[in-house]
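You will see chain A twice below: alongside chain B first, and alongside chain C after that.
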Partner chain A sequence: MSSDTTAPVRPRRALGWGFFLSELSVLFRRRRTWAMLLALAAVPVLIAVAIRLTDDGNGGGGGPAFLDRITQNGLFVGVTALVVAIPLFLPLTVGVVAGDSIAGEAGTGTLRYLLVSPVGRIRLLVVKFAAAAVFCLAATLTVSIAGILIGLALFPVGPVALVSGDTVSVGESLLRSLLIALYITLGLLGLSAIGLFISTLTDAPVGAMAATVVVSIVAQVVGQLSQLEWLHPWLFTYHWLDFADLLRQPIEWSSFGANAVLQLAYVAVFGALAYGRFATKDILS
Partner chain B sequence: MTDPAARAAPVAPADAAAPAGPALRADPLGHVDPVASTTPAASAAPDTDPAEFAIRTTGLTKRFGRSTVVDGIDLAVPRGSVFGFLGPNGSGKTTTIRMLLGLASASSGEVRVLGHEMPSNLARVLPAVGALIEGPGFYPFLSGRANLHRLDSADGFASASTRKARVERALDRVGLSSAAGKKVRAYSLGMKQRLGIANALLTPRELIVLDEPTNGLDPQGTREVRTLIRSLAAEGTTVFVSSHLLSEIEQMCSHVAVMRAGRLVAQGALDDLRGAGRTHLRLTVATPDAPTAAATLSRLGVRQAPAPAPAPAPATFEASHPADRTTTDPGIHPAPDPAESTPLEGELPETVPAEAVVAALVADGVRVRGFAVERASLEDLFVELTGEGFDVVQ
Partner chain C sequence: MNRTWHRWIPAVAVPAVVVAVAVTGGVAATASADLPEKTPQEVLALVGSSEVEAFSGTLEQSSDLGLPDVSALSSGSGASDDSGAAVSSALELATGSHTARIYVDGPERLRVQVLDTLAERDAVRNGDDLWLYDSDEQSAVHATLPSHDGGATPEGSFPGADGTVPTPDELASRFLDSVDPSTDVSLGSEQTVAGRDAYSLVLTPRTDDTLVGSVTIAVDAETGMPLEVQVFARGASSAAFEVGFTDLSLDTPSADLFDFTPPAGTEVTEKELDAPGHDGTGTDDDASDAAGHQDREPTVTGEGWSSIVETALGGDLTEITSNPLFSQLATPVEGGSVLQTALVSVLLTDDGRLLAGAVPAELLQQAAAAE
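Let's turn to the complex of A and B:
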């Protein structure tokens, strides 16, 4: 290759931005990723189209109250679609990405090559988690932006009335939408960490994905059982729908903070578990 | 042939050893010890400066539950060698490679790669090691080129600015330039294999580990891989090739180690192993007077194989200790069958000329209907070492 074979004096190890970018490009070059984002974008479109078709023009659409508000202001489509997507669709896509993170590499046989490149096991876990977080953001933004766009197309748009009764401008309401998307992204980080951990347990990506989705569903079911009320604040799903506080004037940040603390705790615990499992695991895939 | 001093030498890593001179480097593994299965390879581990070895393991062992997959092997791969790692499927070759590269941890024993303790120096050692492990592994939805870019970016030590040029060069070297833009999903196994080898060549390496590199390749591709390995060796790269095919190893390796059921049963320079085979002559006598012939042969010091009834059993082969040979066991004579010329097999001592055997047989009234003397081939040796043959697991 070159004459310099005696002692390859290599530069110090890079921090991993290059690998992180490579990870993102692999993630977003997959057709599967785009299929999932497309499916998420379909949620607000379906909602908006259905409401538009059944709307008789006088605001008495007959659906649940929150769907009704859409007919008055298209900017609500995004928020409504997020509420619909949170229990199942978002966890489903996040479960696929997070569950696939390590197990998918094992499944394609690339894990051993990444590790001998050498990528470093901790660096691999960190990059995989970061990429999953980016996907969470992309997923929620997809729902939110698709909702806003379809709302603009099908419904009248104007200043938005908040939960607190105040009214904010269109620009401010778009900012609030972004804030809600961030809030939900944050809420999905705990699930991403759980998925990453599960992904280190197996070489079968489908199993890891399914297990991650099941965990999110079980957590939500437990969250509905009043007998287990003591447990509820500890569930990573506990704050998932608490973003109404971001629709007050002034913004009530406490739920945002509580959500952040809870999710970071999950990330810390399951990140440590993933590390404990993966750092010494025999890679036999 | 087996040096008793070397046999007794401590297996401990060789820091306190005599200075490693060029002579040691040229032939650090002069001992060929095919009977070492009782004392696995301890004798094939001479004490030298660990830096002289690209790979050095001491008592490397891997257990999965109760089964021992790799059982206390002492590999010594001299720098600059093309080292063949031979064994039947399931003999522990790939598991050993995984331990060498830090993918799996050893249950016990030590590993040094390029002079550094593993796995504690993974980040230091692995950038200088290229590897193809148990077949290629790539993202099917990416092109061959994109796959190499991806794996190269995972190497935190590889420079991003030269990546494009290095990837193209590696692709060119394995003859994949024209197919580099295709998705790996559309690749044949042989093309994937080539891409896997290209991945091992992305940066200048001191050691290249190739696990079954010619799997799935057509004869043309096999020849190209052989040429590639030779050119790598000419550049001074140590190449560690595993295979279950002796012919492959025989054509390109300077050194060889043989695994059987997790144990290292022989290790050394290929020429020495060949030499070991050459000193033994296999004798076959076809005669209806087997008992008489057997008696004559044992008088001459020919060690005989057990009666080769319908399917001839392989001759008992012992490369070392020719002096230890006992005379024929009287119980192994074939049943007399005047109607047929039962072939008798045995090993002809170097001291006895073949024609003397014929003369003695004829003098004793044996009707010799066939007489052959063959040199034991390397293949005979390996089949002997690995037992049932190269495609049978234990």
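Let's turn to the complex of A and C:
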């Protein structure tokens, strides 16, 4: 955290930005972050190579959605990879980053030094959350872009058939891929807030990471149980797979809005809980 | 610790506010409208005079017919043969919960999109061209309407509608056609559907011999268009079947939507359309097709709500009864098997007759024994 030593001479507003940028550079200079992004990029590459090697001309009907379309159009690799990555890989990496945010500083004993420099606890929480949000975007874009690139390399590329059966140009399909990445990033914000809250509860970063990932898995399991159907619209995972609404013609925006409202509610609730916990916590390490 | 308790205030207040907003948001959506007084007859006339030619909207269908989850069943059984898949797909559409988008421009241009998770089923009619598209199967069915049928197709009865959810309009006209002395028509409290003020017509059967308790139809106060249809089973407080708009726009939809070309790589089947006016009671048709024989005239006994439709299936019944779906859904009774839902009973007798009606199963058995 030595990069923050110039902060005191700056005006208050610039302090926040400087702290945010330094937090980002710490996050993205870690080997762990790069390893996670590489692992995410490997998902579409593995899918594309596997399909390429076993190309038997038909999808066989099994596997994740859109899988059987890849041989016709390489641009579907990105979408298929996202379908595969959403249930486990993305929550896993987001859980690591969000769970580590406060507990990691506490675990390495740097948290009190952070707070000794004039950084308020609210500001620290906001900056940690913002950095986690940036990681969500980076992770989603990594899967999407790696998928598009490997698709370009291994498969023919042309106008894309949407789930409605209409066909759009390559340019518009790339725009829609970007929208999907934004949609999924938005969908991961609730989990990031939960991870941040859990991270304020403990000084053991591994525990916070594991707990965050478990929360996301439990939410998805509950989402599969039809006996708990009344609960489903309240789960932060409820809209995760609705990104396909962006692949309809015309685009169905209602799920985008509903997803945003739901995630905002989660961010508000768990942000408030994290503040309550963190502001009253005795920082001993 | 005393001086820090107030820092927990946001942690308590924010969740409380979020819950409060979520709850009151639901209440505001059902706030009643303030509409001019009308008699039930005037509202019926309003429906009759409805002249909405072009609209687009989102439909929600949900049903609680007391059947097991058919979507899980059909995927579990592997949908081995085509007929079984067709039956379970039709059953799934009729009994499941769905969201669909509908685009209508005049009587000859229509598009219905059933929005599934990561997939979609489309039905498009543009003039004489009919398309059914299934993105999950990557398959399409194309048919051309006989040209003389041009404008004669009654509004709302889209010949390809087997593949989609019914619209409130279509369903409402089915119920309103049966408004006769056997039905009591009254007005319920005004309601708001899809952000529009609506009268609510309540149709109550006068007979006790039916499973249907009442039918509620929300009628748009401005245009007379049916916006929502709810069918209640006798004695039930929540609807057994409902379909309604959650979003409606009366603007003419974009013409591109009706110009459908299946994407490359789609398996296209050309289908001959036989007689126009083929009325889509999906499951029955598919079931009889599955048994592999020509159509037989169904006979109708009884009147109004308690009428019973009887048709002789003939042929080999084991094809139907050996379907795993059948043994899951039907219960054996004396002389046959009964499929009992909250609204409809179906009796398949051992001698190959199929009886169906919105009546208790005992009445079906009596009708079957009476012959």
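Everything that follows uses one rule, which is that the second predicted complex is superposed on the first by the 261 of 285 C-alpha atoms of A that agree within 3 Å, B and C clash if a C-alpha of one lies under 4 Å from a C-alpha of the other, contacts with A are read in each partner's own complex, and residues count from 1 in each chain.
The rule we apply is simple: a residue touches a chain if its C-beta (ideal position, glycine included) is under 8 Å from a C-beta of that chain, and two chains touch if they have at least 3 such contacts.
Given the structure is predicted, the values throughout are model-derived calculations rather than measurements.
Peer 1: Which partner does A:Asp68 contact after superposing on A: first (chain B), second (chain C), both, neither?
Peer 2: Touch status of A:Asp68: second partner only.
Peer 1: Quick one: classify A:Thr108 as touching chain B (first), chain C (second), both or neither.
Peer 2: first
Peer 1: Scan A:Thr280 for contacts with chain B and chain C and give back first, second, both or neither.
Peer 2: In the superposed model, A:Thr280 contacts both chain B and chain C.
Peer 1: Contact-wise, after the overlay, does A:Arg52 reach chain B, chain C, both or neither (first, second, both, neither)?
Peer 2: Neither partner.
Peer 1: Scan A:Gly165 for contacts with chain B and chain C and give back first, second, both or neither.
Peer 2: second
Peer 1: For A:His232, select first, second, both or neither according to whether it touches chain B, chain C, the two together, or no partner.
Peer 2: A:His232 contacts neither chain B nor chain C.
Peer 1: For chain A, which residues belong to both interfaces, chain B and chain C?
Peer 2: 280
Peer 1: For the complex, give me every residue of chain A touching chain C.
Peer 2: On the chain A side, the touching residues are 59, 65-66, 68-69, 72, 83, 158, 161, 163-167, 226, 241-242, 244-245, 248-250, 252, 254, 265, 268-269, 271-273, 275-277, 279-280.
Peer 1: Residues of chain C touching chain A in their complex?
Peer 2: Result: residues 1, 4-5, 7-15, 17-18, 22, 58, 69, 101, 113, 115, 117-120, 122, 131, 133, 135-136, 138, 140, 247, 254, 256-257, 260-266 of chain C touch chain A.
Peer 1: Give the list of chain A residues in touch with chain B in this complex.
Peer 2: Those in contact with chain B are residues 1-2, 4-5, 8, 10-16, 18-19, 21-22, 26, 29-31, 108-120, 123-124, 280, 282-284.
Peer 1: In their complex, what parts of chain B are in touch with chain A?
Peer 2: Chain B residues touching chain A: 98, 101-105, 122-123, 126-129, 131, 133-142, 146, 149-160, 169, 199, 201, 203-206, 235-237.
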